[in-house]
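First chain A sits with chain B, and in the next complex the same chain sits with chain C.
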Partner chain A sequence: MNDLVDFWLEHLPAMLDGLMVSVQVTGVSLAIGVPLGLLLALAVQSRSKPMRGIAIVVVEVGRGAPALILLQFTYFGLPNAGLSLDSFSSAVIALAWCTGAYTSEIIRAGLEAVPHGQKEAAEAIGLNHLDALRYVILPQALRVSVPALLGFSILMLQASSLCFAIALPELVSQAYLIGSTTFRYMPILVLAGLLYAAICIPATIAVSALERKLGAHA
Partner chain B sequence: MTQDMLLTMVSGVPWTIALTAVALLIGVVLGIPLCAMRMSKLVVLRMVANTLILTLRAIPPIVWLFFIFFGLDTGYVSLNPFQAAAIGLGLITAANMAEIYRGAMSAIHSGQSEASMALGLSTYHRFFDVLGPQLFRVALPSAASYAIGLLKDSAIASTIGVHEIAFEASHVSQRTFRGLDVYAVAGLLYILLSLPIAWASRWADLHLRARVAR
Partner chain C sequence: MSLNSSSITQADVAPKQPLLRLDAVGKTFGTHVVLEDIDLSLAAGEVVAIIGPSGSGKSTLLRCINQLEPPTTGRVTIGDTTIEAGHTPTRRELMVLRRSIGMVFQSFNLFPHLTVLRNVSLAQERVMGRTREQADAVSMQLLARVGLADKAQQFPSRCSGGQQQRIAIARALALDPQIMLFDEPTSALDPELGLEVLSVMRELAEGGMTMIVVTHEMRFAENVSDRVIIMADGRIVEQGPSGTVMRNPQTERAQRFLHAVKDR
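After this line comes the complex of A and B, so read on.
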């Protein structure tokens, strides 16, 4: 047991560095992906046919293809098109695409939850389309979407573990590296799992508590 | 993209389907006792189930697969990549299916359970003849969307060497130094595979939904 704790303590700094990279790549992907999701949600409802078409393709490919394939596509595929990116940027592009596709559906559900009368009322008092969206529709729609968006953020932290495949030094890569040099895969993978669980379990409990709280007033 | 490259990638399709099917089967079956424990009257059982479900869902699939494939392989048990992937994904599916069952259970009107108790049906008949069939119908759409998610998650098994689509794709791309079209085709294959599941689920939902008491 002591031996295990020593092993963990010895490698904890490297693992925490990896966790930082995981959190960073998740954070940047969400910061780009959620606004992208909002744009896609609006574009899917747009009146212009080409815009709707493009948005639907972006959303369906982002949701339909595995995140791992998106990551490999941006990291190993884009260089063929003359665009070579480091693993962090590729990871951000792929995960932001994935985030945009999934959150556009979450936000669209939020937009649809706003009663139609709100839009008509905004039109009746003479707000233009943009103002109606900005002051009337979005504040209500986003409030409905918040729990689902937070739940999705937790899933994205887990999805960032796939960046292992494109050699980003995040938590799983660090664990694998330590495992392959010490031949002690089991303990280091347990530590990796514990670190993920230490973030994801409290976050999951907090999100479902928030969901219950918001649901109580609905 | 030559025919040879395409064929190599398509050869991964049966493995992807097999892995998804086996993991789904494990999850659908193990999800039942897990859900029963989660809804049990005994606090201890409830806590054990809760902890299991939270842990299985909080740790990324890739960590579970590595843990089972590299971690457990200490001489006592030796699993091939497919077995390790099926067990790992199957356990994660069980946790998610337990939550889907629980959600479906709360969607069934409590009068159904009360009525079967009033009729004096045994617990067995209450679950298997009254609640079970309705549960199946209510849970089907969420289970189908989970199955599509699982199909995509099965790509993770390529990292431990299961010869499925993502594995063949990275193999072909390394051999030919082409990534753009290879990964695009791989993504397309996954999308094509998920279409029949979505279609079948919509069809089944339409035909089975009518027989749930409101």
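After this line comes the complex of A and C, so read on.
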């Protein structure tokens, strides 16, 4: 037991470095992906056919293709097309795409939850489309979407472990690296799992609490 | 107490040229004809009640007037802006129209995420370009007029239905409209709460506001409005001075409707 704790303590700094990378790649992907999801949700409802078409393709590919395939496509596939990216950038593109696709559905559901009378009232008092969206529809739609968006963010942190496949030095990659030099794969992967859990379990509890709070005010 | 002090002068200059005119307005949804050949003209200061059976097109008529529902035929003229069916109105035309016409809905449709004050101020800032201070000051006056100044910082969900509808009236008045449209403003309310809304509307009417009121309140139609329009099956079947129409309707369809209402 002491031996295990010593082993963990010895490798904790490297593992925390990996966790930082996991959190960073997730954070940047969400920061790009969620606004993308909002734009896609609006584009899918757009009156312009080409816009709708493009949005639907982006969403369906992002949701249809496994995240691992998207990662490998951006990292190994794009260089064939003349675009070489480092692993962090590739990871962000793939995960932001995935995030945009899934969150567009979450946000679309939020937009649909806003009663039609709200849009009519906004139009009747003279607001233009953009103002109606900005001041009346979106605040209500996003409030509905927030718990699902946060839940999705937690899933994305876990999904970022797939980035080990493109040599991004995130938590799981670090664990494998340590495993391959010490031949103690099991204990180090357990530590990786514990570190994910240390973030995800409190975050999940916080999200459900928020959900209850928002539900109580609705 | 006057809710619209400027309208006396409006009434003096406007009688020849109507404030609002509908010419042969029609609306179809697919093949379903909902409004047919509606002609209507409204002088400044006039209060018109529209009554008629459910599904006769009363709400659709109001929604065609402010283009929430674009008419399929005919034209709507307000002041010197005319919107022809079939042409998408320009942003400017739409803006003129929406600023000239305030609308109050059966289900209030207040913005639940904004305080009462913000509900009333929002359009003043975004549409009229007032600063927040200016807008809030005007909103406070309007809320005081509908008797709800003390609710300014509350959220709408904390207000009763009657209070919410009065807030909705203040919100519609905030753009200084020339005409107010009411679509069954008391139908979602208990009779008692309805009364407080009706009394605000009566004050508005007495202050000279031009109003079109779709209502099931026969007393309001008879006593407050100058003119009553009875609709059935998408058409105007009878119209005239409220006393005459309500007590002595000429057409068979109008008699049948009023009979049914009074028997209840």
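What we mean here is this: the second predicted complex is superposed on the first by the 218 of 218 C-alpha atoms of A that agree within 3 Å, B and C clash if a C-alpha of one lies under 4 Å from a C-alpha of the other, contacts with A are read in each partner's own complex, and residues count from 1 in each chain.
Simple rule for what comes next: a contact is a pair of C-beta atoms (placed from the backbone, for glycine too) under 8 Å apart; a residue touches a chain by one contact, two chains touch by 3 or more.
Because the structure is a prediction, the values reported are computed rather than measured.
Which of chain B and chain C touches more residues of chain A is settled by the count: it is B. By the document's definition of touching, of the two partners only chain C reaches A:Val136; chain B does not. When the two complexes are overlaid on their common chain A, residue A:Ile32 makes contact with neither chain B nor chain C.
Legend: residue contacts after superposition of the two complexes on their common chain; A:Leu150 is shown touching neither chain B nor chain C. Look at A:Gly77: by the touch rule set out above, it reaches chain B but stays clear of chain C.
Residue contacts after overlaying the shared chain place A:Glu123 against chain C, while chain B stays out of touching range.
Listed in rising order, the residues of chain A touching chain B in the complex are 60-61, 64-70, 72-73, 75-81, 158-159, 161-162, 164-165, 172, 175-176, 179, 185-186, 189-190, 192-193, 196-197, 200-201, 204-205.
In the complex of the two chains, the chain B residues touching chain A come out as 54-55, 57-64, 66-67, 70-72, 74, 152-156, 158-159, 166, 169-170, 173, 178-184, 186-188, 190-191, 194.
Only residues 115, 117-118, 120-128, 131, 135-136, 139-140, 143 of chain A touch chain C when the two sit together in their complex. Contact residues on chain C toward chain A in their complex (touch as defined above): 66, 68, 91, 95, 98-99, 101-103, 105, 107, 109-113, 122-123, 126-127, 171-172, 174-175.
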